Amino acid sequence: MNTVWIILAPLIGGLLYGVERIVRARMQGRKGPPLLQPFYDMFKLLDKRPLLVNPAHVLLGIMHFITLWIAVGLIITGTNLLFVIFVHLLASIFLVASGFSVRSVYSHIGANRELLTMVAYEPLLILIAAGFYLKNGYFSIELIHEGEPLLGSLWMLFGALLLVIPIKLKKSPFDAAEAHQEIVGGVEVEYSGVYFEFLYMAKWLEYIFVYLLVILFAGNSVMMAIVLVSSVFLLVNLVDNATARVRIPHLIAITLGIGLTLSILNLIGVGYGL
Amino acid sequence: MWYSVKKAFTNLLSPPQTIDYPATPIKRVERYRGLIEYGEEHCIYCLKCEKACPPGAILFTHTDTPTENPKNKKSLAYDYNPHLCIYCGECVRACPKPNEALWQSEKKPGIGVKEDRVNERWFEVEGRKGS
Amino acid sequence: MSLIALLLTLPLAGAAIILLVRAVRVRDLLAFLTVVILVALSIAQYTGGMTVRFALPHSLHTIFMAADILLLLFFLWRGMHEESRPVALLALLQLLLYLYVSGTDPQAHPFDIEVGYISRIMLLVINIVGGIIILYALEYIESEEMERMKKNGFIALLFFFLSVMNLIVTTDNLEIFFLAFELTTLLSYLLIRYRGDELARANAIRALWMNQIGGVAILAAMIISVKSYHTLSFDALLTFGSSWGVAAIAVLIIAAFVKGASLPFEKWLLGAMVAPTPVSAILHSATMVKIAPYIILKLAPAFTPFLSHTVTLFGSFVFMTASVMALGRDYFKEILGLSTVALLGLMMAMAAIDATESVQIVLVLIVFHAISKALLFLQAGILEKSFHFKYLSDFEYLYERSPMSVWMIVIGFASLTLPPFGAFWGKFFSLELLISMISQSPLYILVLVFITLGSVFLTLLYFKVLTRVLSHSTGKTEKVAIPALFRYSSYALFGLLTVGILLMSGWNGVGVFELLLPALLIFVIPLLLRWQLRSSERVGEYRCGEKDEAEIGAYYFALPEAQVRRAHYAAAALIALVLLGGML
Amino acid sequence: MKKIETTLESVVSDLTAFYDYKVWEFLTLNGVAIDEGTTEIQWIFSRYGAIDDVVIYYAPVKNSETVPSVVDLIPSAIISQREIVDMFGITVENSEKGLYLDEDSLSAPLATCRI
Amino acid sequence: MDFSRYRKRSPWILHYNAGSCNGCDIEILAALSPRYDLERFGVLNSGNPKQSDIFLVTGPVTYRSRERLVELYNQMPEPKVVIALGSCTCTGGVFRGMYNVEDGIDRYIPVDVYIPGCAASPELIIDGVVQALDILEKKTKERENAKRLYSEPTTENGITDRSNSAQKIGTGGFSPEEMKPNSPERRENEED
Amino acid sequence: MGRKIIDIPLGSQHISLLEPIKFRFACENEKIVDVSSDVGFVHRGIEKACTTKFAYDAVPYVVARICGLCAITHSLAYTTAAESLLEGVVTRRAKYLRMLLVELDRIHSHMLCLSHTAENAGFEAMFMRIMGDRESVMDIQERITGNRVQFDYVSIGGVNRDITTDIEKEIRKTLAFIREKTHGYLEEFTTNWSLSLKFKGVGVLTLDEAYRYNAIGPLARAAGLATDVRSETDYLPYNEIGYEMRVGEGGDIYSRNIVRLFEILNSITMCENILGGLPEGEIQTKMKGKPTGEALVRLEAPRGELMYYIRGEGKAMLSRVRIKTPTFASIPAFIEVFKGSEYADAPAILASFDPCMSCTAK
């Protein structure tokens, strides 16, 4: 069963992305693309003549995709949460390395920003994992899923996760790493055709990754999981449509400032039963 | 920010502003400055429009098979390039018989494809004119 | 016992012979043989798996004493000669303290040498990684411009270093420990000023006086120990547990901080960059600085909770601060150096937590940090020798000229932070351990935050370097040949890293599935695709339609000077807190 | 519109005496080809807040002469000086060619008098 | 598998202004705005030649934009379609015959769709894009070069490198006379 | 030690640019330390063509194609200059209609600038909102003139089309709609925290720099320099229709946006006043003769002062047409503003200048 879900993960992510594009268009008063648009894009990209700058660049991009898929797969199979976060870090590092592997300014800026956003969200993810451990005494995602919903006691960490989501999904106000109007997509600028495909699908996997993290807070309650995911989805899109992109220093200051405060408070609270 | 959030939310629930063109046509305003149209039978071949046209989108070139208009003494043929026209209407204002010989319609110009040779053909026309 | 004796004496013998040999080939062969035997010995010692204890003949004691005094007199002379007041004063102080200590009469030691689990691992690291670096140094030193004798002397000094390090991790006697400690100080001094220019001399002197603070600290600990317990044995010191014992331990910790070049003492290690690169490699990876976590690991069982907490806090603070400080640096070796300082902070922080897991974690960190850092410093040397690159901003067209070096650098950095490499697991389980300990003290939340921040800063540091090394354009290569010894030593270290991945599986429940499958996928699939990509059509980079090539520098996130000073004050305050913990 | 004649030698000193940057707005530098080989260069100013108070300093310039730069006095003149260089082919102190024109473009397109 | 029918469902656009009056350019923005919403067709204004299918050019090609135009065209992977947007892009429009323009982009790159209008309204832009989609669907993946190149893409060790083909166009490869059959000098001579 | 500089190009083709302009930012990290620029991409040679290719009465249609955004101001400035050489008098109704179009043009141009600034600051929703609302202005422009962008409305002697009561009604409706929307933008631009992070204190042009570099238009007014050609000329009766100058302070992007928003509101008021007081009369007067002499006309385009200098020798072709466009004059000021700001802000700063390269290079 897990295997099926792992194979389906990118497709579900694609659908989610499709829904999101429609929702975003509707929030802007537009009709928007069809639901299956991401898949059309995917097929079209497969059909392009392959052009590349250098093999290392493409390879690192593909490795980013594979590693991300592994990270998602590890969540689905229910392994150690902390380990999953680090596999995800590895995936991001592949992306950064691919950005740096071409002699292209925008790609470099994008990769550098990607690194800097990592400074902002990686500590928070680790602290979130710490929160789960403190509450349960284990990192096992499988057990977390079987346990009680933890949103009640970890709501501040959930707040910290909400700060991370726009960064990962490249949404306003924290989309500086992609910043289409400044650096033309950043890391992905040198990819084309079928090679861009991998990065494009990696984006879908990011959706799955963050929403699976959201679901963790719901524990064994399916109802709560659905409510959480849909409300987070709506919230993220509303904020995306109501804010401008902030600069990287602001991004780090805001995320770390608010996120660390929330996490530390919550950890103290959980650790000492306050 | 809250205004935008509210706006985004209400937009989500209300129908979009989008006109589903080409499925539903866009209503064009009256007196839209569209294609220049030519009524050969009323033309007096004064060539004022050719002179007035800023980009030179109207050219009268010599032809071997002239029309039966008696005014066409030099056996000229009217040639018009909608892909060169800037739709300013100067030609119509210059025309002594507007609405009969030359008028600006409300039709939108057609899309050209490679086979139409819109540019190369016009270089040929200009070449004929020059020689 | 005989194995250990061999480990201690063989490098000395090797050094002596090498000094005498004039032919390069013979020298290389001898050095190679010595290294091979040392590696074999250390492996044999490890697989022996027994704790070995024995006492040294009393006659050696006098020799040690004489050596100590001679050493201190040498330092004093250097201090006077180089007109460095701190060196001279500290040497004088040490001399006085030492004379005082030797005047007392401690109980006889049951055993001077004790080789336990920790020591065995340390021996492995010292001899294998150190040996590889010496092989590399054989090639490196040949390209320097100096006399044959001096070149051979360099190799001999490195062997001598291994011997001293072997002694320091096997001894259980504070007096011998002091001797070995001072010997490492001496050796680092000699090696740092090996090139003999103005800068080298200044930095060597700085290293000398800073390290002597450590010597003073050890002497102080010896005095306390002798005065209160009439013993100079480590083991005995650990078992007393009274307030004087804790005081002695706290003072010893200071010695560790100094050797580990922790803030605010990091300057001596950064100054060591002027030496030939193998020196940096050996200082950072196999020897010198590893004394710091080793001492703390050894002392940790006797820590009071307060001491444990403060040392952990200090270590994690250093971990974060040094990583941030490194972000603004441009000198490649300096970046590596500060990252060593940072990681030593982490090791010390973990070592101070007295738990079975923490010992494992620290050892894993020590081992893999040694391998990775050695690999990186080797590359730094290669860059210097083959390309004349020292500063990050100079690195130009590196990938085009030598993809091997670039990938080695990338793997070197990756192996320090990323799964599935060994150092990652060290960090990973440190985090796990810390998280599980939060309920013991709220201080651990702070430590956790420091360590998470520090590790992302380190990641940022390592991967910003890629701006300069990894970027390359379409096709067009002009390869530069790299000498064979350089290559093979790099491959050897890379091999160790790979073997390390395999050895890690099974540790702490790291399953094959979590570890090997991802590794397999990540490394194998690209290899399969590689051939396909080789023949694809190439296109230039997107430059907004322009053709002119833009200059792409690296990023520098320099910390303002005032902040650095503040960080030093904070570190000093934490050290004071540690000392205070000892006094109370 | 007031026109004041000046010469290339005196234009910098004239403008220095005249131009107060908080009173006068420097509009632009203009050139008019008068006859073959001569161009009239105009420095145009207008007074802030006044109705149509435009002052034009002008000087005839032979194509061989070098027009002095007024950038020290009026920093924003740099771009119009470069334009004059391109369009009329005359030399202006410290102003390069190539603001608009490429190597194979028509050189000095406005230089010839076509009355 | 044949994916060519998905091409027309996901056309990504690269826009370049080769010297137009920006009237058409703001109309492109208007076409992306909620009223016309080009994204309905899957259009994405990618701004990156490497990820674009449709090259939307405005302007009659000024001298300085020539090599940029060709460079961008070469960076686009096939299949690709070029749309000339606006009268001046098709034929030079009102700028036809001015001394610093090239009278239409099809002197430099092969144009598939010509959208007339000055300025072309969003409605015409949509018409043109829809027309272009049909052409895009029929295209092959063969390499399409610009009409004028500095050098043909070089092939070395079986690797084709197309990164140098646009360099120094106009001053290198061929003479300016050949390039401009309708140069202003010639026109002026005719007038005189 | 090598350089620590990163050269970041912006243009000539870039997603945030509508028109080709090339900037090369020399940056330390992302801080801009030096800027070089190339603005000549759109040079077509219109000044020359106006004196060699087109007769003086066709020129209004040509100069309109200098720039699609301020087309009306270009043709109006030219015709005003030509009319003063021909010594004809334009009727008051024609003048009012001309002003109506100029102000409508200013509204849609400012709206485009605001939306583009928001887009370049990463606020896509704001872009869509303003662009969606802007369509209604485009609609009434199309109704009045027959084309959305290139109005070709002004010709020598008057205007080409009259407005009917139908159109008038529609204009009033649209103006009311836009006024309501503009108040909404005003609130959003002043209160949205992410926009204030992006805009407040960013891209500052100080008052002294504005004087020094002869900044004009909203750029200057945002810096506190009270200059507006509408109050410095008298060929259009701006004083009759309730023109007010709005001067901002701070000279940052925020201030420029606010100045533009208030100018939109002021233009709406003016348009309503124009419709209210529209004099009766002909819209065209015949002008006789050929232009002789020289004339200099200044007009306030949406981006600032536009200047036409023409000289005629009594022939069908003029002997000199000099066009000084607002952006051209502001470029030295632009460069100053970029230095010291972050690259991340560069596209937004650039958009907030509302640059018009086709004007600049002609």
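Read from first to last, the chains carry the letters A, B, C, D, E and F; within each, the first residue is number 1.
The rule is short, and it goes like this: a contact is a pair of C-beta atoms (placed from the backbone, for glycine too) under 8 Å apart; a residue touches a chain by one contact, two chains touch by 3 or more.
Since this is a predicted model, take the numbers as computed values, not measurements.
S.K.: Which chains, if any, touch subunit A and subunit C both?
M.R.: Touches both subunit A and subunit C: E, F.
S.K.: Considering only chains that satisfy the touch condition with subunit B, which of them also satisfy it with subunit F?
M.R.: A, E
S.K.: Return the chain whose centre of C-alpha atoms lies at maximal distance from the corresponding centre of subunit F.
M.R.: So the chain farthest away from subunit F turns out to be C.
S.K.: Centre of all protein Cα atoms: which chain's centre is nearest to it?
M.R.: Measuring from the global C-alpha mean, the nearest chain centre belongs to A.
S.K.: What chain lies farthest away from subunit A once each centre is taken as the mean of the Cα atoms?
M.R.: D
S.K.: If you average the Cα atoms of subunit A and of subunit D to get two centres, how far apart are those centres in Å?
M.R.: Between these chains, centre-to-centre, one finds 58 Å.
S.K.: Measuring from the mean C-alpha position of subunit C to the mean C-alpha position of subunit E, what distance in angstrom results?
M.R.: Subunit C and subunit E have C-alpha centres separated by 59 Å.
S.K.: Quick check: how many Å separate the C-alpha centres of subunit C and subunit F?
M.R.: One centre to the other, that is 65 Å.
S.K.: Could you work out how far the Cα centre of subunit C sits from that of subunit D, in whole Å?
M.R.: 69
S.K.: Would you please write down the residue numbers of subunit C that are in contact with two or more other chains?
M.R.: Expected reply: 474-475, 534, 536-543, 545-546, 550, 552, 555.
S.K.: Please output the residue numbers of subunit B that touch at least 2 other chains, ranges allowed.
M.R.: Residues 1, 4, 7-8, 16-18, 20, 54, 86-88 of subunit B each touch two or more of the other chains.
S.K.: Can you list the subunit A residues in contact with two or more other chains?
M.R.: 25, 27-32, 49-51, 105, 108, 180, 184, 189-190, 192, 241-243
S.K.: Name the touching chain pairs, please: which are they?
M.R.: Pairs flagged as touching, ordered by label: A-B, A-C, A-E, A-F, B-E, B-F, C-E, C-F, D-E, D-F, E-F.
S.K.: What residues of subunit F sit close enough to touch subunit D in their complex?
M.R.: Subunit F residues touching subunit D: 39-40, 43, 45, 47-48, 51-52, 211-214, 216, 225-227, 231-234, 296, 298, 305, 307, 309, 311, 313, 315, 317, 319-320, 322, 324, 328-329, 331-333, 361.
S.K.: Which residues, counting only subunit C, touch subunit E once they are in their complex?
M.R.: 474-475, 534-542, 545-547
S.K.: For subunit F, which residues are in contact with subunit C within the complex?
M.R.: Per the touch definition, subunit F meets subunit C at residues 1-14, 22, 24, 28-29.
S.K.: Can you tell me which positions in subunit E touch subunit A when the two form their complex?
M.R.: Touching subunit A from subunit E are residues 3-4, 6-7, 9-10, 34, 37, 39-42, 44, 46-48, 50-51, 53, 75, 77-79, 141, 143, 162.
S.K.: If you look only at subunit E, which of its residues touch subunit B in the complex?
M.R.: Residues 34-37, 40, 87, 90-97, 103-104, 106-107, 110-118, 121, 123-124, 126-128, 130-131, 135, 181-182, 190 of subunit E touch subunit B in their complex.
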